[in-house]
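Shared between the two complexes below is chain A, which pairs with chain B and chain C, respectively.
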Partner chain A sequence: MNFNPKILSFFCHWCCYAAADSAGVARYKYPPNNRVVRVMCTGRIDPLFIVEAFRAGADGVLVGG
Partner chain B sequence: MLIIEEVTRRLLELVGLRPERFRVDWASAAEAPLFVQIVTNFTEGIKKLGPLGEAEGLDQGTLKWRLKAASEVAKKSRLRAALGSLAREFKKAGDYSPENISKRVEEKIVPILKKELFEEEIKELLSKGPISIDAILKKTGATTDDIVPILEAMQKKGKVERKGETLEPK
Partner chain C sequence: MEAGRSPNIEIITLAELKELSGKAGHFKAKLFIKPRYVDPQKCTACGLCTTYCPREVIDEYNEGLVYTKAARIDYPQAIPTTYYLDAKACLRMQHESCQLCANVCGPNAIVFDQLPEEREIEVGAVVLTLGFGRIPQEVLEKYGYGKYPDVMTSMEIERMTCASGPTEGEIIRPSDFTHPQRIAFLQCIGSRDVTCDNGYCSSVCCMYAMKEASVVKEHLPEAQIDLFFMDIRTQGKGFDEAFNRAVEKYGFGIIYARVPKIDQVGRKLALTYVTEDGKSHREFYDMVVLSVGLDAPKDAENLASILGIELNHYGFAQTRTSSPLETNVPGIFVAGAFQGPKDIPESVVQAQGVAARCSELLAEVRGEEAILKEFPPEDEELEALEPRVGVFVCHCGVNIASVVDVEDVTRYAANLPGVVHAEDVLYSCSQDALNDLVKKIKEHRLNRVVIAACSPRTHEPLFQETLKEAGLNPALIEMANIRDQCSWVHYFDPQAATAKAKDQVRMAVAKALRLKPLETQKVKVTPSALVIGGGAAGLQAALSIAEQGYEVHLVERERELGGNLRRVTGLLSGEDPQKILETLIKQVESHKRIRVYKETTVENISGYVGNFTSTLRSQAGSEIVNHGVVIIATGGKEHRPALWGLGEEDKILTQLDLEAELAGKASKIARARSIVMIQCVGSRGQDLKYCSKLCCQQAVKNALRLKKRYPKKDVYVLYGNMRTYGFSEDAYREAREAGVIFLRFTPQKRPELIKKGKSLYVKHYDALLGEDLLIPADVLVLSVGIAPGDNEELSKIIKAPLTSDGFFLEAHVKLMPVELAVDGVYVCGLAHGPKPLDETLAQARAAAAKATIPLAKGYVEVAPIVSRVDQQKCIGCGICADLCPYGAIQMIKVGKRKKAETITASCKGCGICASHCPVFAIEMGGFTDEAILAQIEAFGDFAEKESQEEAEKAA
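Up next, the complex of A and B:
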């Protein structure tokens, strides 16, 4: 069970990205499997982004608004 | 975003991926503990599912090929136009409840997704040579009802010739 999933995350600059930042500052621990792409708003996300993420080898895609 | 989420979910479902692999969630800038919880839960869920394709029972070749077709579909102007008019309709009516979104997406977008995706996949299959209908059903994971109208349209356009159970590209 040594599977390390690759997860691509799209985070909104104003919400989840800032939350991730403050989680880091507060030294909360969370899994290091995320590759984060910052978007200015989750409204920017398009179905194509998600499909391309899976095509490029992501095992999961998380969108954080 | 809610509409896009539902559309993406339906597209991935048609490709054959597990819905758990894609999630949309919210945490405000002040909710670091909630954010940590979301990311941890999601990562655990993916770990349980294993690498892409494993829980789905799809081999890498099929997966790559179906995702390629899906990405072509996502670029289609027909889908884009339908999404735009649906968004306008929602803005006017103002009912963004999950039930309503799923209902309208089912009615308006899913037929387009199905048609474009399977058409894209069938074209790809035919480009490799003659193929039987059974093989198409197996490769695309579609139902007969889904592909029969597409094949008929392709026959009408003269792109494909039917010989018994086998289809030949022209």
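Up next, the complex of A and C:
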């Protein structure tokens, strides 16, 4: 069976979110498995968010900052 | 971006200045504007014209390494974000044959018959920021460029190393598309080269070569890279450290040699050169990178004749040390590389300085023609209703719609809880769609808006403004990014992309339901400045602020103003530094808006941007002053190390001591026959690890002064790397021609002091001879560098960090070079780092420019993303206050308990405090726990649905 992971990504507005935008501008390809939550800084991320993400059914959590 | 969005900056591209009449304060400029053939009002930058344009042309933006189309935008971040047609290549304009772009352009933005335009504008001041030009092709041809394909320029490598560049960051040899294994960087191509009339140093190439080599090495870890230098000129703040780190990390070969010739042997490039020990070498490389210098801008002469400004003998704008931003024509100013080769931080500093200079000139009419947008009052009744969400899903032409099923997403959105209206829009950012958005908000009584389109980074401000126009609080919008992070990257799987778009919309709606109106706070500003330090930097900064119309408190610790500049007695430009200082002091002391406090120190500073209160202490007692901003211009000090017998013998001087001698009778010098100068005494790896930037210029200057006065005396300069960057390279050459003997030493074999009886000698290892030389030193002059002043205490008072070298750390090296991490506090001069006088004066004006912004506004506006402490919940543990990187949380006493409180004016909204609060007492505007948790929960639906589907499939 194909494993099709569900990933929740927390991206920092200033860096990783911007990088994800640039990837789009450059028309890069990546698999459509992630969903993005934008934060103003990864410092905002409470450990609770990560626990909640797994509780909500995420197979992986990506913190980009 | 910011300049592009300001209502008070009109960007006129494709324009040339044809004529300028009038005088400072009242200029009339005639512009000639070439046609763009695309209407910027209509263009949405979707890029369809480029996709369909059949005409390929060489992509000049990418240094000719790839093809682009006749209809194009040079790069996606370009401002204005509007495509253009290259008339010389366009098939329609050349042959009347094609109009594919016009056919596919959704908003009908293509205008083939657009004509050039003439325009006259009235301005008070003119700033010349022409940048730099290219080194001519024939100079590069000497190195085989154009003949051997693998000889490339640094500009080409810059594009090639760019992740969105022509090779997507892959380093390949143009001759055979393989990865080069051995790469040579040759420095000083088209600079420090009198044979091509560019005798000056381009100042930036050593650093950029190191950067490019590092990036190349990241892409090709196995490559061996050698850099060929005459001198390594990494004189900027922190540059030496960065350079050495890179050399160590990447194992670069550093070779001191000027390669005169390159030829191709088989598939390799052969470099023939002689090193310092006199040995000849021939080495083979796969690729050679020419580190090209910065030439004078090519239109400079033409423009100079239109404006009547003087150029120097290299074709750059002529300025003076005392006024580095001014041309000879009043009201016409200059900044950036056109004033002389310089890097980004220096250019930004000059640009900010020139803004202050313009503001001084135009202070009387400040704000007269400024455009301020006005908005209707917020509809509080509507905002108080239960959330009524409107979802707008954007096609972005075909950018989204060709991948994501926009109609399907819209239908899906309409059924989400809380959504009362959903529709799809062709271009949600077009002016008519924005007008329509206002209408729809009113029609459906929407009080939350979700825009599913591109990135909030680029477009949220636009939609926020539209919300304001509709009488809604701008915080009530949420965007779902279904273009940049969905359709553009998942185009290979439209079904999955549509599913992702739905999820992102659902998560956005979930957050939107929890958005609350947020007030943009305005904090009043005390319209005055505190300038700490009365040296050149402080004087210039104080004067500029006062000239711009605001009160200044200038505090000087010593009995007299002037600082270190008092000890400088000559300048390379020939100007008299004491006259410059005298004029500054006179202007400051007689200025009605400046109050000078001598023999006074700053004991304490409390408050935040706009509202500082400081205690000034002098012998007479202490005084309290209120001010809106602080400028730190506390200077540095001459570093007097216990090396080389400094202080033990009166024949051993520092460069500043020598300046005093040269201004007086010079009795010590008169007796001497041989004078030896030693560079980097105590610097660059001795007790100071950094380069003090100005000692090389100072040594050359003093050596020249010595030679002019005493042509018969021997003058030696022993150096590690001669750092006479920019036009001071001329003086270095002049000194050599005048007979000053320059000898290079290596860090491993620094020269030594030898005493024989009463005589002093310097032992120097000469690489060419391969043996030690004993040079008689009747007078020994030490270039001792600049140490930081007593910055530590001040750094604690204002809570702004220092660099590891003890200078104030700017908020951002390139973007915010005079701002500190603490809002409302600025730095200039030696307190920021060692630099020569002209750079200090420009930087002082830059600090003045930045400091005047809050003063001129009269208030500080705080974006509503800041943190807020619920003092009912707060237990006063203080974790947040400790962690806040901006000093934006203070612990206060409420009743008997300690509670945290956000200083909104200083908060940047990062949320570190909120994530660490053990009792969830801190709420982030726009990013509340509740909202983020709702997003996570909404994400859960996706996870659930997917696993159900999988289970079904499995069944």
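What we mean here is this: the second predicted complex is superposed on the first by the 64 of 65 C-alpha atoms of A that agree within 3 Å, B and C clash if a C-alpha of one lies under 4 Å from a C-alpha of the other, contacts with A are read in each partner's own complex, and residues count from 1 in each chain.
The rule is simple: contacts are C-beta pairs under 8 Å (C-beta built on N, C-alpha and C of every residue); 3 or more make two chains touch, one makes a residue touch a chain.
Note that the structure is a prediction, hence the values are computed from the model and not measured.
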item	value
Partner chain in contact with A:A23 - chain B first, chain C second, else both or neither	both
First, second, both or neither for A:R38, with chain B first and chain C second	second
Which superposed partner A:L8 touches (first chain B, second chain C, both, neither)	second
Which of chain B and chain C A:V63 touches, first, second, both or neither	first
Intersection of chain A interface sets (partners chain B, chain C)	1, 18, 20, 22-23, 26, 28-31, 43, 45-48, 52, 55, 57-59
Of chain A, residues touching chain C in the complex	1, 4, 6, 8, 13, 17-18, 20-32, 35-41, 43-49, 52-53, 55-59
Residues on chain B engaged by chain A in the complex (per definition of touch)	1, 4-5, 7-8, 11-12, 15, 17, 20-36, 38-40, 42-47, 49-52, 64, 67-68, 70-71, 74-75
Chain B partner contacts - residues on chain A that touch it in the complex	1, 3, 5, 7, 9, 14-16, 18-20, 22-23, 26, 28-31, 33-34, 42-43, 45-48, 50-52, 54-55, 57-65
Residues on chain C engaged by chain A in the complex (per definition of touch)	76, 163-164, 168, 455-458, 481, 483-486, 488-493, 496-497, 499-500, 503-504, 507, 865, 908-912, 914-915, 924, 927, 929, 932-933, 935-937, 939-940, 942-944, 946-947, 950, 954
